[in-house]
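In order of appearance the chains are A, B and C, and numbering begins at 1 in each one.
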Amino acid sequence: MEAVRFDNVKFSYRDDGSGFAVNGVSLSIEEGQFVAILGRNGSGKSTLAKLINALIVPTSGTVSVFGMDTADDKKTFEIRKSAGMVFQNPDNQTVASIVEDDVAFGPENIGVPREEIGKRIDFALDAVGMQEFRHSTPAKLSGGQKQRIAIAGVLALMPKIMILDESTAMLDPKGRREVMAVIKKLNREQGITVILITHFMDEALQADRAIVMHRGEVVMDGAPEEIFSRSDELEMYNLTLPRAAYICKKLQAAGMPVANAFTAEELAEAICASLQKG
Amino acid sequence: MLNDVIFGQYYPQKSFVHRMDPRAKIVLMIAYIVAIFLANNFYGLAAVVLFLIVAVLFSRVPFGSVLRSVKMILFLIVFTAILNLFFYSTENVHLIWQWGILSLSWESVINMIFLALRLFLLVMGTSILTLTTAPVELTDGIESLLKPLKYIKFPVHELALIMSIALRFIPTLMDETNRIIAAQKARGADFETGGLFKRAKAMIPVLIPLLVSAFRRAEELGDAMDARCYSGAKGRTKYKKLTFTWRDLAATFVVAALITGVVLLNIYLGGKFDILYYFL
Amino acid sequence: MRIVAKGLTYTYNPKSPFPSQALKGVDLTIEEGEFFGIIGHTGSGKSTFVQHLNALIKVTGGELRIGGIGDAGYDLADKKCNFLELRSKVGMVFQYPEYQLFAETVEKDVAFGLKNFRRDIKDEKEIAAHVKEALETVGLNYAAVKDCSPFELSGGQKRRVAIAGVIVTKPEILILDEPAAGLDPLGKQELMELLHSIHGGWCKTIVIVSHDMDEIAENCTRAAVFSEGKVVMEGKPAEIFRRGEELLSLGLDVPTTARCAMLLKERGIRIDTDFTCDDFAEKVLALYAEGKAGKEGGDAQ
């Protein structure tokens, strides 16, 4: 089933409609996909994310989530329930001083009965592995833990789509690993469609599909491996290759027959194979 | 320093007082304050002190933590006490010293002690409430108590939410303030020397970034709340239900006994100066 | 100026019921001219250590000296030390420095530090000249941005202005806490290039705190690994990353090259690299050429 659909969407933050942050985007995301969105700062990635859960509505064109038009006011809450969003700063997303109260915030908003809220908190905290911190205060947690709480807060609304707007950008490597592990698990085990906006090329490699944004337009769209093998194009959009891919390309350019590699593991494999064969 | 600011910040514990209904705690707190001000002599205050000690024991919060909250406003207590010491005047006083409008009498000394004791008990008592009640519970309690005001269109839910968000962001903004101060110090800012005006001016490079950051955070939080389907009080449910239990009933009886006791002591044992006239 | 720390200790909230010892005897020397990397995860004491370097945290235990002995140096444990002068020579760029911008124009913001440190400069033109130089160093067009409000700029530009506000006094030692955090890959690369461009001139020593091991491998001359308030490893990046297993056991990452080298080692292929991408590729190619030559030689026999 189609989860998200963009039809020639334009969006401008200015009242006079000039300077489109998103400029004529058409795309379709299938339910259950794990999509990474890449692009420089200011390329329109975050605007794209906000368009999906109706935080903003297109200046022209339409965005639909499971067939619901985001411009339709009556559908706003249905859309936000099915497309949850996690933001960048781990400190600016929690409303309550106790973890479980914060996770309860979303279900409370949509009027879920009390007993059911308790079950949802259990489910959400288990899913992100934070059950033991249920009665803690978010201020005392690490960045990665805070983001997992933010994810749990969204999960408690039982969304089918989870949008992460640079949610790993402010974390240390450990926090990033924690959050990525949770996202991947949700995608695999719960079948949640994941839309991950990121600067980290290695995170994009974990997705099924990568979309590159440049000046408000979608300029590349395909499997991450395919995107990263078009290195000249990437350079044009001011993106860098993952380091392993960069090394691999260098080896190939010097005439060493190595298979395409994007991660350290793949690179080791490729070098090993090439050396033994050569 | 961070924890001192939110005076008497929550002290996690599983005690009798912690488990009480926050609404009961708030109402009983008000009753306790009434008892303090009803007390007309030292016997009454002694009864209040006794109640306070029992309350602290039942809350299982160390006395030190309760006392720390008094430290915060010690200056205020001393200041009002001194004012009272020199400006108290009634008829028929036993003067010790007088100079112009300033006077010192045995009555004013007693009055000062009485006042300082009242303030002290007031702060100790309120800090037991904040020490044993998580901010969320406190706001829930206030929201629930103010519910009748909804009928006159008073935004009870919004008020409670604002309070809980403010409490939630205090530590975050305190951290941020410390970070900005350090950063500006590294750029040679001087917050320690100079007169009041110079020091106030030196705070500008701290206050502006703090304000800008607060707005940025507010905007992001707004988006995050929208994304989680927030739309005001309408159609909202509550996860935590407040329930009145035997604990609250027991505590209500104890406080009622306290007030009765204070009133009886007032009637039978005379005013606060009686102690003085016994000696003089 | 070299930085010498001996047995440096520090405890937060020492008199409270919950004291936490952040530094447990740090011995570390950073020579003049280094591009030094400090590695360690959150809570390892690295931030506490760097904040000592420009006296934002006063020395309470152990020794810390910056520069030589006598007039040329600063004994930070000495309460009579001229801390203002020290801070003008040891610049500190905090994490997300753009959040400290406050003045109504970029020019005024950058001039803030200069006016604080160099009270002797009264001439507005001279101040403007320093500000211009600092803004140009960070790659901004002075004429175009000087009258802008710093809050109107893009994220990347804001960060550059904030860095200009620190380097405007031309500190001999520049310390940066996670300078590239939150930037996109190209922004990170540009920032590192900027640091290299000032390193070696008036800025003799650069110290960066970073989580990004690739960044450390590519840029630093030497590095130290902090863990639980102590320095547990110190040396050239090549020496540190050769001990990849130890880093992993400390819960830290290793650079892509080191991970790859570790995997190759398991398969009996040894690559003696300094762990920069370019060197790693070269060494692999050399190995490949060697193997090919060996094979051709074998075939010829």
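Just so we're on the same page, a contact is a pair of C-beta atoms (placed from the backbone, for glycine too) under 8 Å apart; a residue touches a chain by one contact, two chains touch by 3 or more.
Just so it is clear, the structure is predicted and the values come from calculations on it, not from any experiment.
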Chain B and chain C share contacts with A
Max Cα-centre separation from chain C goes to chain B
Taking each chain's centre as the mean of its CA atoms, chain A sits from chain B at a distance in Å of 45
Here the gap between chain A and chain C, centre to centre from mean Cα coordinates and rounded to Å, is 30
Where chain B touches two or more other chains at once, the residues are none
Touching at least 2 other chains, the residues of chain C are none
Chain C partner, complex, touching residues on chain A are 39-42, 142-143, 169-170, 172-174, 199, 201, 238-240, 242-244, 246-247, 250-251, 254, 256, 264-265, 267-269, 271-272, 274-275, 278
As the complex stands, chain C meets chain B at residues 51, 54, 56, 84, 87-88, 91-92, 94, 97, 99-103, 112-113, 116-117, 151, 165-166, 169
In the complex, chain B touches chain A at residues 134-136, 161, 164-165, 167-168, 171-172, 217, 220-221, 223-231, 235-241
As the complex stands, chain A meets chain B at residues 50, 53, 55, 77, 80-81, 84-85, 87-89, 91-98, 100-101, 104-114, 117-118, 121, 138-139, 150, 153-154, 157
Within the complex, chain C is touched by chain B residues 176, 179-180, 182-190, 204-206, 208-209, 212-213
